[in-house]
Amino acid sequence: MPISELVIFIIVKAALAVVIFALWMTMVPVMIWVERKVIADIQARLGPNRVGPFGIIQPIADAVKLIFKEDILPKSADKIVYALAPAMLMVPAVLAISVIPIGGTVTIGSRSFALQILGAYKSPGLTVPELDAGILLVIAFSSLGVYGVALSGWASGSKYSLLGGMRSSAQMLSYELPLGVSLLGPIVLAGSLKLTNITNAQKDMGIWFVLPQLTAFVVFFISGLSETNRAPFDLPEAEQELIGGYHTEYSGFRFAMFFMAEYLSMVTISALAVTFFLGGWRMPFIDIVWLGPVWFAAKVMAMLYIFVWVRGTLPRVRYDQLMRIGWKAMLPIAAINVIFTAAIVTWMPNAGAAYLSAAGVGFAVLTFAFVSMVLKRNIGRSVDERLKRVLGRGQEAFR
Amino acid sequence: MLPVGYYIALSSFMFAVGAVGVIVRRNPIIMLMCIELMLNAGNLALIAFSRWNASMDGHVFVFVVITAAAAEAAVGLGIIVAVFRQKSGDIDMDSLSEMKG
Amino acid sequence: MGYAWLAIGFPLLGSLINGIFGRFLPKKAVGWTACFAVGASFAVSALVFAQMLVMPETSRHVVSALYTWLEAGGFRADMAILIDALSVTMMLVVTGVGLLIHIYSVGYMGGDTGFSRFFAYMNLFVASMLLLVMAENFVVLFIGWELVGICSYLLISFWYEKPSAAAAGRKAFITTRIGDVGFTLGVVLIAAVLGTVSYDAVFGRIIGVGSDMAAAIALLLLIGAIGKSAQLPLHVWLPDAMEGPTPVSALIHAATMVTAGVYLIVRAAPIFVQAPWVLALAAGIGAATALFASSVALVENDIKRVLAYSTISQIGLMFLAVGAGAFAAGMFHLVTHAFFKSLLFLGAGSVMHALSGNTSLNKMGGLAKKMRATYAAMVIGALAMAGIFPLSGFFSKEALLAGAFHAPFFGRIVYAAGLAVSVMTAFYIFRLIYKTFHGESRMSEEGWRHAHESPISMTAPMSLLALGAVCVGWIGLPSRIGQVVIASNNAFEEFLRGSVSAVAFGNEAVSQWWMAAAALGAGLLGIFAAWCCFIRFRGIASVFVRKLSGVYQMLVSGFWIDQAYDRVFIRSGRALAGFMARQVDIGIIDGAVNGIAGCVGSVSGMLSRVQTGYMRSYALAVLAGAVVIAGYALFILK
Amino acid sequence: MTAELAVFITMGAAAAVTASAVVLSKNTVHAVIYLVMNLFSIAVLYLALSAQMVAFLQIIIYAGAIMVLFLFTVMMLNMTGAVEAAEDRLLKQKPLAAALGLMLIAEVVMGTVGLFSKPSGSMAIEDGFGSAGEVGSRLFFGYMLPFEVTSILLLAAIVGSVVLARKKDEE
């Protein structure tokens, strides 16, 4: 295997990585701007329009501001961990991108490679298969995000940030499970852990998985929201309560890193949603290679819009309700969905796309109706009332 | 593949460090972590040998070991929390020495 | 002959009645039952004797077995009795003398509170003596032997309140026990070697066993005899046994029990004959004991102790005779001795009775006038014992000495010793008579007034015994002295020949004229010497005492044997016991036990310290264990 | 210097250093972080040993869940490690423990010295070796019972820790 082949391989992969990362990074300021504009619009206000036309430059201005701001280091903070924490949050979010395929396979000369950092690469001497358990990598890195949050809360030394850190890491931790389990649905349907296979399966079946796996999509979206501490679940930064949660003590560039990390993980989550449920880069009929990424980007922007939209409209969820939904609603639904899809796949292997999507939607409607009915009964009651009702019944059993 | 001895040497080093850690340190959390360390050393040896014999059984075994470690850590930490709530302030393993002859 | 068992049954019944219901019966009834029991037994014996005489010579050997007492593997011992000439003679002696003594003791023990207990023991003694004599095998003999020992202990320490009596009883029992050990080993050896214990079988097989085994058995039986008959090494208990009531001394320590040893040797003659040197040993012991006892008796001042030593010396003579092989002569002397010695004892008893318990010769004197009957009886007894012609003592002593003379190599020495003993015997018995009855009274005035003749119930039996002491001798008239034939044969020896088959050394001892004369002369010489010392020249005795004070002291203290025994055995025994109690028992045994407990405690203490409670030291132990096991696996298992 | 050796040396050294760091570090949170790093380096080693599934398991379960648990406990109880300030009653144990540790290492190494010398005598592995599918099929078919038993173990652990950590407010 000539050394040169290896070198080429590395160069290609490096180039690919740079391109994809650059794509991801550009998304961040755009997202910031879009979010502020849309939220303003939802709230019937103008949003940033001073800096550049329609405030386009506003995010960059913010970035520059943050970079030059003084970087305060609290006295009681644990210096090393304080410095390390934001990185711990950023790195997993970034590394998760490496698995997501944004396009088809590009063949230049005798070599062809997938538009996926850890994708397949074929060349005369060297063939590198795609990472076969891509999804595991995603779940692994999403679980590492918790460290960043928890450590930053602890490192900044103050009680508020500690509590904020604890809360948000608990939230991320408990929503990691539904996130992982909900992804199982499409995997069972597609029959492989490789992301490219999943997008191909959606193409082959001629249906986006969002329909047959509607429940999985909804659960994934909600868990995605809480994974990134966004929208209805953005408790840690809830100003009135914890003044900003785990990143209160941070300032300057480290604060910017937190912000970037948040948006990056939001983009990653939506990219995953697109790959798993919205057919990834595959267009329904046309098969042009370079169009793949554009189509993929469009879908990602759509998902991001929904993120912002949700943020704008839904009220913040109280912390215990948040936890209760996570454990008592999301996880069971995701599990049932996996069982349901497994049942369909084993008993009706050749079911057509239409039938699958009908079943999927019907199942989704049923489950969510049932769950909301169950949740509604408890909404009105206070926590200890509900505890008494639950424990009461339990208590008699024990006594 | 490297001769398996290398991995075994590393795993034994980690195991020894874990064991010494349990003996030397008095902070219960550190002790629990040292035990996790020892379990990890075991896993490494398992995987090394399973690779060396090209049989997948090692992997299943590691799976079980990891679950066991998880269970152990959970209960261990539960105990530490319970004990901590009883004795105010940091708990030193040596202070829990009522059970003696 | 089955009814012969009644001879034992009656006294046993008597003792049970007196023993259990004695307290509730009036004294007269108790006395009567006791005397009646022994009387009935005497009647049975007489009947058996009569029937025996009618039977032909050879068939005078009847065995009556009651039941099988012991049976283990090949070994069998029945509860059986043997009726033959020897046992009948002993039965007659025991029951005859016993009856008279019982009658006498009704009067003598009249005042005593333990009246019924006394007669119960006496009856039990007679029954056990009969069992001993009539035994058909060594085991039954052994039972009788032990019962007799117990009865003598009970009777000696009858007045157990007196510490000296209790001590004497204990001493008697222990000394005889020492002898009994020998006897028991002998019986066991017989059973082991010969496989059986009944006399006929034993005597039949003893020949085949070889002389040294026979010698061993004989020696062991001899030890038993020495113990029971108070011969030299084990004689110390008899003088102290005088603590018991006088009838007891009369019955047990004169007539019956002490002679059991002689009876044993005569009965087991076939065994002893197999071992000539053992017989010679018996003769030697007999001679030595006789000389020793009679010499001590010369200076003894207590009336009963004189008679005790006299008994020891007379039995010494019997041993001498038997040892020399004159079994019949020995038995004859035993019979005659039973009569005149019990007579003397009863006489001494009535004297003490009269002097309210005083036994010291120095406080007596001149009682002849006061106690005519007792005096007459005592004189007859003394004459008999001294061996004066017409009385029984002469005949038996003469036969005895003649037999001894004919013994193979030591005959001469033994004969000379016998003569010397006869002289001394005559001397001390008449010293006793003169000190008690002649000369002025050395008693206190009111003691003298109180002295009176004993009641008829005591003097009657004494006179009967006196009659016996005179006549018994005639049954043993020697067939001929020298060449003059007096009777076809010696009636007594003839009668005994049936059972005492092995007459020693082939021929019966033919006594020569000079031997008879010598015996008679010795007796007269003794009497004359006593007369001189105590009647004619009253002061000589005190002169002798001053001049030969060393010898005197030696004699008085009985050659210090008692003290020697005390120092050697008693003290060392006590020291040993003390040592065992303190050092061994407390030191070692208790020490060991406490030691073990102590070290267990300390070990567990150490072990508990190992459990420090520190979790980390346990972890260290685990690691150490792991290292050790890994090492083992690595180096040893490979 | 094959790639695997390079990976082994770097990651092995990292693992060794972080392991000893866990034991030596004064601050508990630092110890937790070191342990997480250690887990990571071990995960990479697993990848080198082509045990892909196990590597991901290690990261997801061990680093992702268990260590977070540790982190939570440390943060909640704010273990500042002051506990070690007091004098150590079992000081004399330290050298002994170290010695025993060294002996253990020596013994294991001597035991496996044979395996050192054998050049990569390991057998060839088929392509699916270590992949998630392979482990999964083996887990649910070959080793059904152990799988169920571990689930029971986990249940017990959950119930146990809940009971332990529940605030005793009812009594």
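All chains are identified by letter, namely A, B, C and D, in their written order; residue positions are counted from 1 within each chain.
Keep this in mind: contacts are C-beta pairs under 8 Å (C-beta built on N, C-alpha and C of every residue); 3 or more make two chains touch, one makes a residue touch a chain.
Given the structure is predicted, the values throughout are model-derived calculations rather than measurements.
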Central chain (by mean CA position): B
Chain C and chain D: spacing of chain centres that average the CA atoms, whole Å: 101
Distance between chain centroids, defined by C-alpha means - chain B, chain C (Å): 96
Approximate Å spacing (C-alpha centroids) for the pair chain A, chain D: 28
Mean-CA-position distance for chain B and chain A (Å): 33
In chain D, residues with contacts to at least two other chains: 53, 65, 76, 89-90, 93, 97, 100-101, 104, 108
Contacts with two or more other chains, residues of chain B listed in rising order: 19-20, 23-24, 26, 94
Chain contact topology (line, ring, star, complete or other): other
Interface residues, chain B side, partner chain D - complex: 1-10, 12-21, 23-27, 29-30, 32-34, 36-37, 40, 43-44, 47-48, 50-54, 56-60, 62-64, 66-75, 77-82, 84-85, 90-92, 94
Partner chain D, residues of chain C touching it in the complex: 614, 616-617, 620, 623-624, 626-627, 630-631, 633-634
Chain D-touching residues of chain A, taken from the complex the two chains share: 78, 80-81, 84, 132-133, 136-137, 139-140, 143-144, 146-147, 150-151, 153-154, 162, 165-166, 169-170, 173, 176, 193
Of all residues in chain D, those that touch chain C in their complex: 89-90, 93, 96-97, 100-101, 103-104, 107-108, 110-111
Chain B-touching residues of chain C, taken from the complex the two chains share: 607-616, 619-620, 623, 626
